[in-house]
Structures are given as C-alpha cells and as structure tokens.
Amino acid sequence: MSRNDRKPDEIRPVKLEINTNKYAEGSVVIEVGDTKVICNATVEEKVPPFMKGQGRGWVTAEYSMLPRATHTRNIRESAKGKLGGRTMEIQRLIARALRSVVDLQALGERTITVDCDVIQADGGTRTTSITGAFVAMCLAVNKLEEQGKLKRYPITNFLASVSVGVVENEALLDLRYDEDSNAAVDMNVVMTGSGEFVELQGTGEDRPFSRAELNQMLELGEIGVQQMISVQKQALGANALKIGNHEIGGLA
Amino acid sequence: MSRNDRKPDEIRPVKLEINTNKYAEGSVVIEVGDTKVICNATVEEKVPPFMKGQGRGWVTAEYSMLPRATHTRNIRESAKGKLGGRTMEIQRLIARALRSVVDLQALGERTITVDCDVIQADGGTRTTSITGAFVAMCLAVNKLEEQGKLKRYPITNFLASVSVGVVENEALLDLRYDEDSNAAVDMNVVMTGSGEFVELQGTGEDRPFSRAELNQMLELGEIGVQQMISVQKQALGANALKIGNHEIGGLA
Amino acid sequence: MSRNDRKPDEIRPVKLEINTNKYAEGSVVIEVGDTKVICNATVEEKVPPFMKGQGRGWVTAEYSMLPRATHTRNIRESAKGKLGGRTMEIQRLIARALRSVVDLQALGERTITVDCDVIQADGGTRTTSITGAFVAMCLAVNKLEEQGKLKRYPITNFLASVSVGVVENEALLDLRYDEDSNAAVDMNVVMTGSGEFVELQGTGEDRPFSRAELNQMLELGEIGVQQMISVQKQALGANALKIGNHEIGGLA
Amino acid sequence: MSRNDRKPDEIRPVKLEINTNKYAEGSVVIEVGDTKVICNATVEEKVPPFMKGQGRGWVTAEYSMLPRATHTRNIRESAKGKLGGRTMEIQRLIARALRSVVDLQALGERTITVDCDVIQADGGTRTTSITGAFVAMCLAVNKLEEQGKLKRYPITNFLASVSVGVVENEALLDLRYDEDSNAAVDMNVVMTGSGEFVELQGTGEDRPFSRAELNQMLELGEIGVQQMISVQKQALGANALKIGNHEIGGLA
Amino acid sequence: MSRNDRKPDEIRPVKLEINTNKYAEGSVVIEVGDTKVICNATVEEKVPPFMKGQGRGWVTAEYSMLPRATHTRNIRESAKGKLGGRTMEIQRLIARALRSVVDLQALGERTITVDCDVIQADGGTRTTSITGAFVAMCLAVNKLEEQGKLKRYPITNFLASVSVGVVENEALLDLRYDEDSNAAVDMNVVMTGSGEFVELQGTGEDRPFSRAELNQMLELGEIGVQQMISVQKQALGANALKIGNHEIGGLA
Amino acid sequence: MSRNDRKPDEIRPVKLEINTNKYAEGSVVIEVGDTKVICNATVEEKVPPFMKGQGRGWVTAEYSMLPRATHTRNIRESAKGKLGGRTMEIQRLIARALRSVVDLQALGERTITVDCDVIQADGGTRTTSITGAFVAMCLAVNKLEEQGKLKRYPITNFLASVSVGVVENEALLDLRYDEDSNAAVDMNVVMTGSGEFVELQGTGEDRPFSRAELNQMLELGEIGVQQMISVQKQALGANALKIGNHEIGGLA
C-alpha cells in the first residue's frame, strides 16, 4: 500500500471558502482532500460563570460529525443522549489550540464559540477542524474590530494543524482514512506561524515508535502546517497582516 | 410587512443538487431560498426488532440543525443530552411522510434512514427536509434497484411539502423566517404527486382560523407542492419515470 | 368492521366531573367512552425565564399515561430517563391549543400548568385531554378571579377537541382504539366555541387522502367539538357565561 | 396540635374499590383518608434476565405521584430524566414487601408488576400503596388461577402496612400529612396476617427515640395493620380464604 | 453454617485511622473486618438553596463503592449515567443519621458533606460508613472550632451503627457478607451515645420475623453500637469530651 | 518558584504496594509523592461484542477521582449523570497504553479491566495511573498463567509513564500539582522498557514550545520512565523476568 495520489511529504488539495453562513460572525467551509468541515464562529457578549468579571474573554469549540460523514452511518450523539469520549477529546483539543494564539485580555469579556461540523470524513477531521476553525475565529474577530469593540487585535499568531503517521515503516504527511487505519503510529501536530508547537499527540496504535521516527514525523508536520497557513493567509487576504503584529507572538 | 421578493403564491428559488456525499447511498443538498438542508439516505440490511421476519422494510428519518443554522447559536442537543420536542416532532413527521409513498413489502427487509441536517435555516426547514429527503430516498432506492436487490420498485408516488400561512390577513405560500414569525396561522402541507394529502398540520399561532382561510391555504399548498415536485423530477431525470408505475399509486 | 355502538357522526358518552383534587387550583376527571383522563391545573406566581418582566402570563401542559392505561404495560418514561416523541408532541399540542384562547396579558405574570394524566386509554387521549384541560384551566382562572387577582377575564373562547378518521372508506367521528388502529386516515381537530380552527393535524396513516375526504372529516369534527363544548358549559355552569365576553373572541 | 378527627390509635376511613381498570390483570383504587392510590397489577409471561430458567417467578413494583398529588406541584421525574431517591426507596420497599408473602416457585416463571400511582397524597402514601398493591396482586393471581396456570396458590399470607409516629410526645397511628410533617419520630410498619414483621423502618426525624417509644409504636402498628387486613379480606370476598392455606404461612 | 471467627454477640476487629487525606477537613479510614471505607468530610461555606438565609447549617453524605470492592466487578454508576436505588437509599440514610446528632443552628450557615467510598466490601458497608462518617464529621467540626468559626459546639451526641440479623434462626451481631447473604432477617441499627435509636431498618429478606426476634436483634445492636462508640472515642481522644456537653443531648 | 524538594531531573518518592484488594485478580496501591492511586485489575471471561469469536482478548481501563482527592471537593460524575471530557480522555489514554504492550492473541478471548481510582491527587494522576495499572495488569496475567489458562505470556514489554513540563523556562520532571498549574508547557510521556514511545501528549498551556524544549522534555521523560520501571520490576520480583521474553518485544 504505497501512496500513489501524491508524495509522502505532500498534503492533499486544500479548499477554504469563507463567509459561507449568513448568520455566523465568522464562517468557513474547509476541504482537505475528501474531508469536509463547516466551521462557524459565534460571538456572544458573555463569558462562562468561572470567568465573570475578570475582563478577559473566552474561546471554546464544539465538534460533531454528520451521521453519514463516514463509510457507514453512526448513531447521533444527541440520540444516544451523551457525547462520546472521542468527541470530547477532539473538541477540547480544538478549543485549547485556538486559545493558545488568542490574547484573552485583548478579546474582552466575550466568548467565541467555533462549531466544527464534519460533513464528510476521510482522515484528519480534527486537524482540518483546527485549521478551518482558526480562520472562522479570525473572521469573527475582524468583525468585532470593524465594530470598534476591541482594544487591540487579540490574535497573536497563525495556527494550523496536520496529521502525520508511520504506515508500513514509511513516515507520511496528511493521512487519508485508509492510510490512517493502517498506520502503526499516528500523530497530530498543531503549530503556530512561528514554527512552534502548540499541541503534539502521538500514539503508537500498533507498536511503539522510536525517537528517530518521532523526528521524521515532526519534520513532515512542520512542512504540512506551513502549507496550511499559506492557504489561511490567502483566504484572509489583507486581514492576515494584522495577526501577530503586537507584543505577544511574531508572524512567520 | 407586505412580501416584496415575490408574489404571495410564489415559492422561493429552489436548488437541488444530488450525489453530494461520497459515502451515502442517496444524497442531496436542497436550498429553498436561504434555507439549506443536507439530506443523506443510508441503506442498512436490517429492520428494527419489532419488524423482524415480516419480509417488510422500514423507512425512518432524523432531523437536526447545526448550532449556527439560525440567527443566534443554539445549544447542541447532544450537549444537552436529549432531543427536544420540536426535533422529535419534525423527524417523526418526515419519516411518516416518506413511508406513506413507499411499498414496504417491495422494499424488502431493510431500512432506509434519511438524515436531514439543516445547515442554514430561513423558514420551512421541515418542509424543505421532506422535499429533499424524498429525492435522497429515491436515489438510495435506485442504487438498490441497480444492484438487483428489489423485487419491484417500491416508491409509489412523488412526495413534497411546503409551508403556507396567514400573515396580516393575507395567505402566503412558502414563508421566510421573518414571515413565519409574524404569521397568525401556519400550516405545513405534505402532498403526493397525485394531489392527495399525506400530512396536514395547521396551527392558529396567534388566532384561530376560519374554514375559508383553510381553503385558501390548501390551494396555495397544492401550487407549491407541484412546483417542488417539478424540481424533484428534474433532479431525478429518467429515473423519475419509475415512480408510481405500479399498482399502488399513480404518477401525476 | 362497521361501527355498532353508535352512528358514524356520534361521539361516545362523555362524563366530566370537576373539583376532583383537593390541592389543585382547577381539577377535572373526564371520560370519553372508556378513555379516562385526570386534568389538574396549577397556578404558580412566576413565568418562565424568557417571559420575565413582560407583564404577561403563560399557559403550559404536560401529558402522561399510567403504565397500565393500555392493553399491555408500557415502561414509565421516568424509568427510561426521557420523554418519548409522542408525549412531547402531545403536550406541545395541548399547551398551544390552550394558549390560543387565553389573553396572556389579562392573565398577568403567572403560569398555569395543566397536567393531563391518562388513567385509561381507548382512543382519543390527546383530544380528550384538551377538552378536559380547558375546563381545569377555566376553574383555576375562576379561582384567580374570585381572589381579585385578574384585571380582566383572560379566557377568550371555548375550546374543545375530537378525533375524526377514515376507516374502511367511511368517515367516523370520535374513534375508539380499535377503530383508530384500523384507520387509513386520522385527524385531530381542535376548535373554538366560535367554530374556528385552532389546530388541525391530519395524517394519511395508511394512504393519502383527498380534499373530499378532508372536508367530510372537518364536518364531523365540527359536530363533535360542539357537543364537547356543550358538556363543558354544563360543567362550568354560570361561570361559562364569562368566557369570551370581551373584545378578542365571541361566544358561540 | 392534638389530633381531633379520631383517637390516637385509630386509622382513617379506608375505601378499597377493585377491578377499576379494564386492562390490568388486577386493579384497585385505595383511599386512606385523603390519600388516594391507583394500584394496577400486570402479569407478564417472562422474568428478568437474572432469573431465567429457574422455574421461579418475580414480583416487582413501581411507585409514582401525579405532579399535583401534593399541596404544590412537583416536577415530573420523567421530565427531570431520572427517578429520585425517595421514589426508588419506596418502590424497592413495596416490591420487597410483596415478595415476602409470595411463593415464587408456585407463581411459575412469570412476573407480576404492581404500579402504584398516587393520585392524591395526605400522608402514608407508601403504606397505603403496600396495602392496595397486595390486593391488586391477589386479583391478578386469582385470574391466573382461574386460567389454570398455577400449580398451587402462591400467596402465603396477608400483608398490609400503616405508618405510626410520635408527635408532640404522643404516639399516633396512621399519620395525616400535617401530623407527619410535625412528627419527631416516624415509622412504617409492614406486617403479615400472622402478626409478624416484614419491614420496619423507623426514623428519628427530629430527635432519637427510646426503646419504650419503639414498643408503643409497634403496638399501634399491629392494631392498624389488622384493620387494613380486614378491609382487604372484605374486598377479596371468598377468594380471601385461599391465602395462606398451604405449607408456608398461616392465615391469621 | 455456624459462625466460627467469633461469638454471635461479637463485632469484628475495628480499625479507625484519622487524618488520612491531606486536603479534607476531616478524614478517616475505617475497617470493620474486611470491610474498608474512606470517609472524607468537606466543609463548604454555603448551604443548599432551600436553606439560604436561615442561619442554619446542613449536613449531607454521599456513598459509593469502587467497582472492585466486591467479589465481581460492578459497573460504575458514573458510566451508567445514574445512581442506583441502593446507593440513594444508603446515602440518604447516612446523611439523615448524621444530622440527627448535629445542632444545625450551632453549625452556622455552612455545609458538611461526608463522602463514604467503599474500598472493599465484606458486609455492613452502610453501618461502617455511618460509624466512620461520624468521626470524619467530628474532625471537620473540630477544625471549624479551632478556627473560631462556631458559636457553640454543634455535635450533640455520639452516633454509630451496626448490622444485626437472623441466620439459621440464630441472631448474630455484625454480619460478614457470607452471613448477610444467608440471613433470613437483616437489620441496621443506628444509635446515639445515650442508647437511643436514630434509625431502625429491618427486613424479612427470607421470611417475616417475630417480636421476640426483633427484641433479640435490638439487644445485639445496642452492644455493637456501644463498642463502635468506644473505638470512636479513642480515635477522637480529648476532643471526644466536647460532644454532647450542652443543652441538647447527653454523653453516654 | 524554583523546585526545592528535589532536582529538576528527579522524580518524587514512589511507593508501590501489591495485592491490596482481596477480590481483584491484580491490585496495586501506588504513591508518587502525595498522589495516591488504587489500581484494581479484573479478569472477565468475555470480550466486548465487536470482538467476539476472534480468539483475541481485550484490555480496557477506567479512571475516577474520589470527590475529595483534590483541594476542593468535586461533584461526583455519577451524581452529574455523565463522565466528563477529562475523565474520558484519561481512561482512553490508560487503556490504549496498556494495550500497546499486550499480545491480545496470547491473552485469549477474555477482558482485563483496570480500574484506577485516585484517592489523593497532587499532579501526575494519569501517568501514575498508567504506571500502577501496568503492574495490576501483570498480577492478573500472572494469576491466569498460574491457572494454566494462557497459551503464552501475553505481556510483551514494560510500560510506565511520567509527566514533564516547562515551568518558568526550566524543564522539570514529574510535576507536583503546584508546578503543573504554573507550567507553560505540559507533557505526558508513556514509554516501554525498550525506550520507545507509546504515547506523547504535549500541550503549550500558556505558550507554544520550541523543538529544543521538546527535546529537553523527552530526555527527562526517558529518565523518569526508567526509574518507574525499576520500581515496577522490584514489585513484580521474579515474575518480572517473564515480560517480553518472546517474539514481539525485547526486555530493556
């Protein structure tokens, strides 16, 4: 099973459409290969109870898959009456990643919730969600800025994510579903525009992995994230220049 | 508030795209004005426990809205841990309507589940779901037929739905959200290609309604459903001819 | 299966007893044939959060069946841990119907909750609940009036409900359970004392229905509702005269 | 607050009507003072999984209160999505008590479920439920016997229950709600027709109680239970003679 | 099956270790034979909503078993999504018992929650929990006293609990699990240091029990409780003298 | 806040006691500093439905904290009615890690469930759970081997875990709670006895981290894991020699 649609260090074609929802403050439809996610950012002028009165904002995220985003139909979590462990794990990851590049003080006492709904899944739904959610969040922040509601621009750096893995002893970038299911090792890499890590989650699904394999995967991850950030910059246009132009982070 | 985007007896522009999902046996994206619903039909070779061994099939449906399908964000039902009354009511309606034009004996001992996920809501999400779900179901049935799995074609008639209402004492066809919120009376009409009723649900939201108003609404409903069925026929192409070519129903 | 206990356009014997509960502000036990429902109205001096501070009241309803109200025992919804779709649909219908004849401004900032508990079910439990709940609500309102808590009488019209259907191509009024299970078409009609519609819910359970059949059912519905309202008036006695004596509705 | 409706060692008027439900195998409406409970017994030809294939039957019970059985309205447990601790405690008690007088071997591999639904509550709902549930169970068993389905009569003894308590240092039998709320000590006594204890649950609500007080309460309990059993015998008529006429228990 | 580890009127070896948790205001590990329970008391400076502003405190308790506290593994209640009836019954009992020896006025507007987590179960987990929870509560109260937060010492009496039962017609004190599973009658006795009853819960698991048997069990219970209280006094040391030195109860 | 209880590359004192539960097939109490976890392994002769009939075994884990394992009391997840995201994330991690060193074929069609219950938490509860759970699993497997139930020894390698982090720009091994709350970067490292990675989860809690920082943390992690494995070997004694003596992994 050698990859034949592209080289081991190449990502799949990425399509990122913005302003796709007439109500959301920020909205994106992102496609990475056949994986397709709708990311809608909502701004609400309130924060969770534990943060009230601190003058700081909050960023959170939710993740879900349509029942038929996958080969066979999954029962809805709303019908089951509870969120599964995988869903919770992923939405906690997305939210944590987004917050790592937001100056919550600058955001002010309001909440941005980014909903990532997977319409079609072909591997990398959580990394694709992060990459798309970042842009949806930027668009919502831009709207706040246009309305003069922000003291300073709160997004401190670009943020994107890709999956990497080891399949049949070969390190691969951006795994399709069929590659992912056969991966011995599987890693999600979330990085900033400055080339630093925000989240690293590596799992030896099938066998442990060596330091050398880890290094190989990290290098592929860096390549992939940089390409994702290029797509983000293109989608954001002139607004991309605002990101990171302040004391906290530096633009790549 | 007189309607200015079209005449009282006109429906909004309808767009119906088919085969939009690479996994689902039947898939449709339907837009009626700014209301946009993804309808995915799944075929499973089993029936619910209470129907086992009877040689008959089953058709069911589920309905959901993305959190930001609406002006403000709604909390996910999966996060709340239960389906709301509105959701249950709607998905029971969709399923009942679909079953009314399916010969379950002809379908054989298998289940078709049609998932209707509202991506954007601007009035008429339940009627739009029915109209789209019918086509998704047809596509799934066509795939079964191509695979030689059906004794005879099980869909007995076309099926579509529109909303009608009375706004400021004027009967209107196909209400937008802003019209719906101001409607004194609100009715959902589900009809077959033969012009018969499958479901009628009329509510005097603001005040009771007279027999004369009912009649006016029914006439608008009939006009709207016929237009929806034209769109369905176009989307199904040559396959549309199969529907109803047998003993149970008659093609309009 | 021709009906032999009465003519097609006749309702079953109706028994409506009032003040059956020593705690409830309004209480009724209603029997329509072998269908028996306890309706208790509770007045609480508060409104739901979304209505606070508007000076308007609220009317809501809940519906439940004892486990052995039916031929075989049903598992309690409290034991299942959630309300079923049918229950939600019915209690939403009852509440909506009651509100349609209440001037919420006149009620003042308080809530009336009518609990409809089906003790024995033999068809028409939701229509019987509406007919009984209306009287329980009136009794609770009368108590508020006696206590001088109302600016003006808030009930604007009588309200009752019956089921109609088509069984073996014959339109029937007020279906027993065995008729209902064999009905091709099934419709619930909720009307005011002025002969206008509040809710119409018609379903082609077994086959679609024509405009002619719809008209036949509506006529039977009107007959049935008028008879139910006669029973209500008798139960309410002199108090019945207050209903609708004001600007909004007119007494039949 | 000295009791003025009867003497300290008297129970309230008891009314026990049988065959009140047209579907249930055994049905009773029992009133003890203003406390009113519907008890319906259902026979199902199956046992819980953990008892399958042992040739023994099972007896279980469920307990619920209508929302307005009490002074103020309680939220339904079905709406809350879970049974409260009090409900679970009570229905476990009822079921345990019933089983103590049933020879499960003689019952055969079937389940009797007795539903106790409190229509109106004025103290002693759990003890009244036990007293009524016993009769409903007997009626269901009698039906099984008439159908020739039993090897031998499975009910081994009479069973009834009353509450006793200490209010203002006076021991009282069969507490009304207002007495119960002021009781320093509260005890539920479940006894057989042979005068033996099946369950004793005493609680020092307000203060601990002495051995002497315990003895006083037990004597009142015995008096009350015997009176309840007289009412049961009258309701069961000639059938009462069957109970306990076999090797396990002895009729009082 | 005659008991051979000790005489019928003897309790198992008791071990009570205090201050076992570095965070809890009061903490105890209690072992009665092979039954082992961790009791942690938490003080929070708030009361439940229904008690706000009355100047009185509250005492509550929670009970749980580790999945493998028993011979075979039990599914966690957190995984099931709800507390079982047995758990609710037990934690209500523990809380009620603790409150019976606390002067809530003296405690002041704060809550003590005692968590009883069973690490290993060999009969008598609820009675052992009560005996341990009492000491954990005392330790937490002592801490409040040392901090000068109490007007007067709120614990009015000692409190402990043991199980008693009838196994093969012999009354036994403090049942092991194997004895408990074979007991015809089973009773939990909760008493104060003054020898009065706080809770009595007796169940004829296998057969009814006579007044004579009840008396025998009560005598054993008294013996057992006194021994448990001796252990408590030893663990509390000099602080034990404070308990009950005030107007409400008297120290044994 | 420079660490003063030990050097940056030192772990806290570790205590690992075995056979602490009289029922569990494998049991361990592990303490790492003030973090204390009970790990009980249960063997059940069945596998989850999705694995039936494949001749392979399964290993799973559950994780929970006592309410007062922490500075302030946490509400029980059983009382909330659902598992939180953090719990799910952790128990999925523990289970995945354990499975990575088990030859499921060799285990045979049975399930080992390791329950990790945190009695006291002072940082590193998930890594401590993994280290303890591995030993509990080994003990359970040893029991199976003694009973002659295994074809070959199924544990292929040692497995342990530590946390590492960056606090005030200093990389630290095995973080206490106060260090963890101040960590800019936080990483959990799970490794085998052969020095390979099984899981890596790094999070830039406060700021992104560089490749250099990652490398520093990985080196500390390796040191810590080797020390944990020494403790495990000592606890397992002679049995430690069996681990990895077969074709799949190699003993360090």
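Going in written order, the chains are labelled A, B, C, D, E and F, and every chain counts its residues from 1.
We take it that a contact is a pair of C-beta atoms (placed from the backbone, for glycine too) under 8 Å apart; a residue touches a chain by one contact, two chains touch by 3 or more.
This one's a predicted model, so the numbers in the text were calculated from it and none came from an experiment.
Shared contacts of subunit B and subunit F, meaning chains that touch the two of them, come down to A.
With contact taken as defined at the outset, there is no chain that touches subunit B as well as subunit E.
Repeating the A-B interface with over half of its contact pairs identical by residue number, the matching pair from D-E, B-C or E-F is E-F. If you average the Cα atoms of subunit C and of subunit E, the two centres end up 52 Å apart.
Here the CA centre of subunit A is 29 Å from the CA centre of subunit F. Taking each chain's centre as the mean of its C-alpha atoms, subunit C lies 34 Å from subunit D. Multi-chain contact residues, meaning those touching two or more other chains, occur in subunit D at positions 81-83.
From subunit C, with subunit D next, the chains follow one another around the ring as C, D, E, F, A, B. Those residues of subunit E that touch subunit D in the complex are listed here as 82-86, 88-89, 91-92, 96, 100, 157, 187, 191-192, 194, 196-204, 207-211, 214, 218. Subunit A makes touch with subunit B in their complex at residues 21-24, 27, 34, 38, 40, 42, 44, 62, 64, 66-73, 76-83, 87, 113, 115, 117, 119-120, 122.
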